[in-house]
Amino acid sequence: MNSIHEVREEARKLLEEKRVGMVIGYGKGKGKKNYPIFITDPQKVEELHFESDCFYNLAVYLRKPEVCSHGKLAIVVKGCDARSVRGLFSENQLKSEEVVMLELKCDAKGIGRDKCTTCRVKNPLTPEEKNPIDGEIAKILAMPMEERFRFFAEEFKRCIRCYACRQICPHCFCKTCIVEKSEPQWISSTPSPLGNWSWNFTRAFHLIGRCVECGECARACPVGIRLDILNRYLAKSVEEKYQFIAGMDEKAAPPLTTYKQNDNQDFIR
Amino acid sequence: MARIGVFICWCGENISRTVDVVKVAEAMAGVPGVVTSVEYKYMCSDPGQKIMKESIKNDALDGVVVALCSPLMHEKTFRTAAEEAGLNPFLLEVANIREHCSWVHENKEEATKKAIAITRSTVERVRYNLQLKNITVPITARAMVVGGGIAGIQAALDIANGGHEVVLVERTPSIGGHMAGLSETFPTLDCSQCILTPRMVEVARHPKIKLYSYAEVESVSGFVGNFEVKIRKKARSVDTSSCTGCGICQEKCPQKNIASEFEEGLGKRKAIYVPFPQAVPNKPVIDRKHCLYFTKGKCKICEKVCGPKAIRYEQEDEIVEERIGAIVLATGYETLPATFFPEYGGGRYPDVITGLQFERLASASGPTSGELKRPSDGRRPETVVFLSCAGSRDLAKGISYCSKICCMYVAKHAMLYQHKVHGGKAYVFYMDVRASGKNYDEFVRRAIEQDKAIYVRGRVARVYEKEIEGVKKLVVKGADTLLGEQVEIVADMVVLASAVKPSVGAAALAQKVGTPYDQHHFYSEAHPKLRPVESNTAGIFLAGAAQAPKDIPESVADASAAASKVQILFSRKEMERDPYVSMVNSDRCFGCFSCEAVCPYRAISRKEIKNRSGEVLKVVAEVNAGLCQGCGGCIAICRAKACDLAGYTDQQIFSAIRGFNTTSTYEEEVVKK
Amino acid sequence: MDIEKREYAYYPGCSLEGMAKEFDIATKEVFTRLGIKLSELADWSCCGATAAHYKDRLLAYALPARNLNLVGKSGKSEVAISCAACFSRLKTTTMQLEHDSKLKAEVELVLEEKYEGGVKPLHILEILMQSVGTARLQALVTKPLKSLRVVSYYGCLLVRPPEVATFDDLENPTSMDKIMECMGAVAVDWPMKTECCGASLTLSKSDWVLNLVEKLLREAKDAKAQVIAVACPLCQANLDMRQIDLQNQKRIDFKMPVLYFTQLMALAMGAQKEKLSFHRHLVEVQSTLGAYLNQ
Amino acid sequence: MSMNMNMKFEPKIMAFVCQWCTYTGADLAGTSRMQYSPYVKIIKLPCTGRIDVQFIVKAFEEGADGVIVSGCHPGDCHYTSGNYYARRRFEMFHELMSFVGVDMRRIQFAWVSAAEGRKWAELVNEVSKRVEELGPFNVFHALREQANELNP
Amino acid sequence: MQAHPHTEQDELKVMGAKCYQCGKCSAGCPLASQMELSTSQMMRQLQLGNYDAIYRSNSLWVCVACETCQSRCPQEIKIVEIWDTLRNRLFADKKLQRKYATKGAVRHILLAHKIFLSNIYTFGRIFEPMLAAIYNLRSGDLFKDASKGPSLLVKGKLPLLPHRINGIKEFQRIFKNVEKYRAQKG
């Protein structure tokens, strides 16, 4: 779809014809800030709004019980959100027949966030050129090993275990997270340098081949840990090694649940 | 609080020479929860086991660690002993302080330290061992054999004679397989059909065998003891129950120049046909691709001449379902066609034939009634060149393996040829003669010494046709590597011992059944030495050349072995197996089904969790304990830690890891003392 | 693209300037009649032939690479080659340099320029069979070589190694036979299509070459062939010239004309005598082919 | 973790191995009486496919200075494909670990078959020597000490 | 009797290790009858690292690289590549040449190749009359094919004047660069 007008029109039709019970989209507040809105009344579709600073990844709401209870859903998606929705399809978290995607092109300019500079899905349906190494990743790679370790250890040390990263992430959909598992408790749940390291490491590992680089985790982090760099780096590796881009093709097997007999094993003796 | 007993073995001097076992016992005695820690010269001896057994009873142990040799040696021994003493056997663990410690280290202090660490880790692990019970699965004592060649026939008869029902599925219109087409068999030169046909008849008459000929396996679901099999009975266009097998339809059918599969293309058959006179069942089938009625819409002569009115043009494929407890795959082999060898003119020169074609030429029931004649002009071949390793051991042709049977049948061919064409010249080009088997090498020697076959060591580079004095001859350009010279032989016929490969469709069948196969599509055995007729999938057994190139005696031995494996399975109503299977906590599972994707055994299925009014709340993974082999792949992929592996739980491993780090200062001091 | 408007870069190779001039003339004649332009590569150099790869592997790739770069510079991506040996060397070079980056770097070092790649060497047989097609060839025949028994001799490098010479069957090539049939001739099957003639040994060990050639000629005779069609200057030279030696040394006279297949094509397409250069052959041609000329 | 400076550094190395190939290979090294470094301690698992990266993280948390992960060669997996999945998992683990600055010389993945007792012994020696040279994994273990300061 | 040497492993031996002596190469070789060691025997010597035997035989030089052996080899051994490497080594090494290539057919064949190369070095292309003339002069076989000379000339088969390419300087530099590169690499 090309404009918000078309989206509104489509949303109205969907609601009027009762093909969906709710439309999730962006609204505009008084302070000119964008925020998610949830529309059930076809009269209110005019509240739908879109501009370049609509950074929320709305896909996260698709699995919230208070939203799900409305039956079939329609959702306004930018490129990165669309990848999330498809990722959720591929991991059996949503059924494609129960979600209508209202795709909008995003110029990714006004947002001005780091995630947008490397964005490849400004147009939700047509991925663009390869993800270039961004400045931040290059900066990390230029550090010697110990410095890298210290950099991340210092970042992680600040973690207060509020789990905002987990809450905001559409792909952290485990009902009970590994960190909340006891017997055994693999990861200490209280804030501590060691436990924080393991937690953030594990979360990054769990997002391999699944993260869509929407960057919401870093935005949500109250202490400003650069989780996005970690996830972007892994997404890049997955693409280089397995030619896999998360959320592009809902039929493609996630990279860690499949293999090739001739996969690289240079690192194995 | 746990009550753990630790029993440390000296293994004579084997452990005690480098590990101070007394110190190990002393160190373990100080570990919380360890109520007894003793060492003994030979723990595995009767008195040694008795020490443990009595301690289990007297100290009311709920966990045991035996520190001794590799668990592969004695885990079973001690678990049995523990069970005898009333302890669940899975509450006992072995700490390997011999193979992994005393035998590989010289420094006594270091070795003792390591032995303490290993034992300590095992103690920590055993705290969390669960009381497990072997799993039982009900067994349907009914077997399916796929493939009606000699291997399938043997397996079916053995199982049926053991008193169990057998469903035999054969793809072609008759059972018998390749063996039915062979002339005489090595190393005794008895007639193939004479020994095979009685067995075929036995199959047909056996009350316990249900034969589906001209049928294929459509799908297989379920697991060991409980397979659901769908079989496609292909439309024969003949009602087999009313057909008497009189053969008049075949006699009158006007469509007569169809290359006969049974005759390897050297003979002809009709459009309605019985593949060979001794076929079982002896009922014809209409080849719809060639039948005039099916291609042109008119003829129906067979219907007119059929007395019992058994022709059914309208017949369609039929799917039947069978409940099966075990499956024997005996789908056999085929050989590379002559056209695979352009350098030998295969396919271009009619007198360049394959070994199986030679069998038909030499067979008394063959297209020439056993007289050796050239396919091109019917002349008696005065010189025949046999090429072994045609395609076998030939990377360039994609086949790295030895086809195994060729050396023997080439020798047999050379002999048969000599017996049929007196004074004829037989040359055999070979790389190696591999005749290992009872009376096999003697057989080859006989071909060389008595029947004067000339064996030339070398491969042939090229065969080309040349007319000499009005007769088309084949010029064979080879090398005699023993002389280091080129050899050129002008021959009348060239016989290629072309490579053995699995039947077409072998891989597709394996995929349906869910059993692995190798890069050549031969079925993979569970273990190359110790489990040669079992597949890696429980309840699927292998027989004959579907697993690797095999001759008749080996195929028969295989089939009997597979049949006995089936009967072992069927000997009980329920099957018992290791309790090491995955289990899913459906509260934690959120249904991403990564586990399903990585499971090699299709043991994970989807279960709907419903509320009381029947609404689906969520879909979660469920493990079929009958199929699960306990690899644990599902657990490592599960982010929510919703599954776990009995016997190797996360908690056990977690504790074992911590156990290596909890070596206390007390233990350090024990070592120092 | 319509084949008739097509243009190829053309690499004749050294022999076609000398001993095999008639091959060059006839080939150009056939292509002109087909409406395909062959524009000779400016300042092409020798491919190095067998001697270069015997001497130094790097030289053997550098010499063809120079010519391949020339093709690129001329703005073309396909180069037509008549000589089987030149074709083999150029094609092998493109294939090797494509996947061996170390070798490519070495070649660039000695060439003192970048190897651009992207050039496709094609043997003229390949072009005639795959881009032109038999129907078009047949349409141009005005004087069919009726009942002329021709054996096609492919030699080595038109079929080997099979990963380089991909356009025909390794053990039983048929492209030249098919062309001869199009020309109205009888393409006689014979077993020596791809047996070697002795090639470069002709200079140093002509007696060995003589043996090989004798065998080939004998088989051609046994197949009742009237002419041998070839596509390689060295094969032609050996088969033609050594017949004189066979006469002198062994008193065997095969009287077997050995013609480039494009000469036979030009003949069937009605070319003038001077385009056929039969006089350049050592074994007399006129008595076998004269009938077709004077039609 | 306290270290007496006079004491020789004895690296702690944990090995996670599959029971079919590497565990049996290590047994073979034993029956063949091959001598090797004593710092590596084995935890037996059914398959490399069972090895969760959490194990490795935990091992470091528990004071390990190095880790070995080993199982059947590709194509030899008792469960047909466990090692193939593991290989990908380890490759990405390798990526992430080195990105966050863990010196990957401390972690060695290897294929050791049941017949490769010699390879097992060499592997243990090689990794032990390497980790000895690298010294204790102080940057990581320091996290643990800081943790103790925060939560005594 | 020959003792089997147990020589150092090298790249060529690794390539040759795949040979299982089936003889398909020797069987199809058009020049087998002239070779002192058949192709498969050469491979055997290679497996043993017996380079002396390989160079002592004339086979490397009798071979015309017709590729028949390689295209049929069931083990897909790059026979011609191996032989080329062996030939390259001899070309690059005067000592080897003195030891193995001063007599008989080998000398003649090697000479022909050298003359061929110097011919193209001079002109950028082959000038056939010069090629034959120099060969005959230097091989001492003065009248070889001389009888054909006049008839070839009459037939216009041999051109009278050489053609030298324009870029001869840069062409010759390729040869020199190769030499230089080899010298640097030792």
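In order of appearance the chains are A, B, C, D and E, and numbering begins at 1 in each one.
Keep in mind that, in the parts below, contacts are C-beta pairs under 8 Å (C-beta built on N, C-alpha and C of every residue); 3 or more make two chains touch, one makes a residue touch a chain.
Owing to the predicted nature of the structure, the values given are computational and were not obtained by experimental measurement.
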Contacts common to chain C and chain E (chain labels)
B
Pair of chains whose C-beta contact count is the highest in the structure
C-E
Measuring from CA centroids, which chain ends up nearest the centre of the complete protein set?
B
In terms of CA centroids, furthest away from chain E sits chain A
Counting in whole Å, what is the centre-to-centre distance of chain D and chain E, each centre being its mean C-alpha position?
54
Distance-wise, how many Å sit between the C-alpha centres of chain A and chain C, to the nearest whole number?
63
Counting in whole Å, what is the centre-to-centre distance of chain B and chain E, each centre being its mean C-alpha position?
52
Among chain B residues, those touching two or more other chains are 343, 462, 598, 637, 650, 654
Shared-contact residues (touching 2 or more other chains) in chain A
178, 186, 256-258
Among the residues of chain E, which ones contact at least 2 other chains?
33, 68
For this entry, which pairs of chains touch?
A-B, A-D, B-C, B-D, B-E, C-E
For the complex, give me every residue of chain C touching chain E.
14-15, 17-19, 21, 43-46, 48-60, 62-63, 66, 106, 109-112, 156-157, 159-162, 170, 194-196, 198-201, 203-206, 208, 211-212, 241, 244, 248, 279-282
Which part of chain A faces chain D closely enough to touch in the complex?
140-141, 143, 145-153, 157, 178, 186, 188, 190-195, 197-198, 201-202, 204-205, 208-209, 230, 233-234, 237-238, 241-242, 255-261, 263-265, 267-269
Touching chain A in the complex: which residues of chain B?
587-588, 590-594, 597-598, 619, 637, 639-641, 650-651, 654-655
Okay, in this complex, where on chain B does chain D touch?
70-72, 96, 98-101, 103-107, 110-111, 113-114, 117-118, 121, 516, 536, 580, 598, 600-601, 629-633, 635-637, 645, 648, 650, 653-654, 656-658, 660-661
Residues of chain E touching chain B in the complex
20-29, 32-33, 37-38, 40-41, 68, 72-76
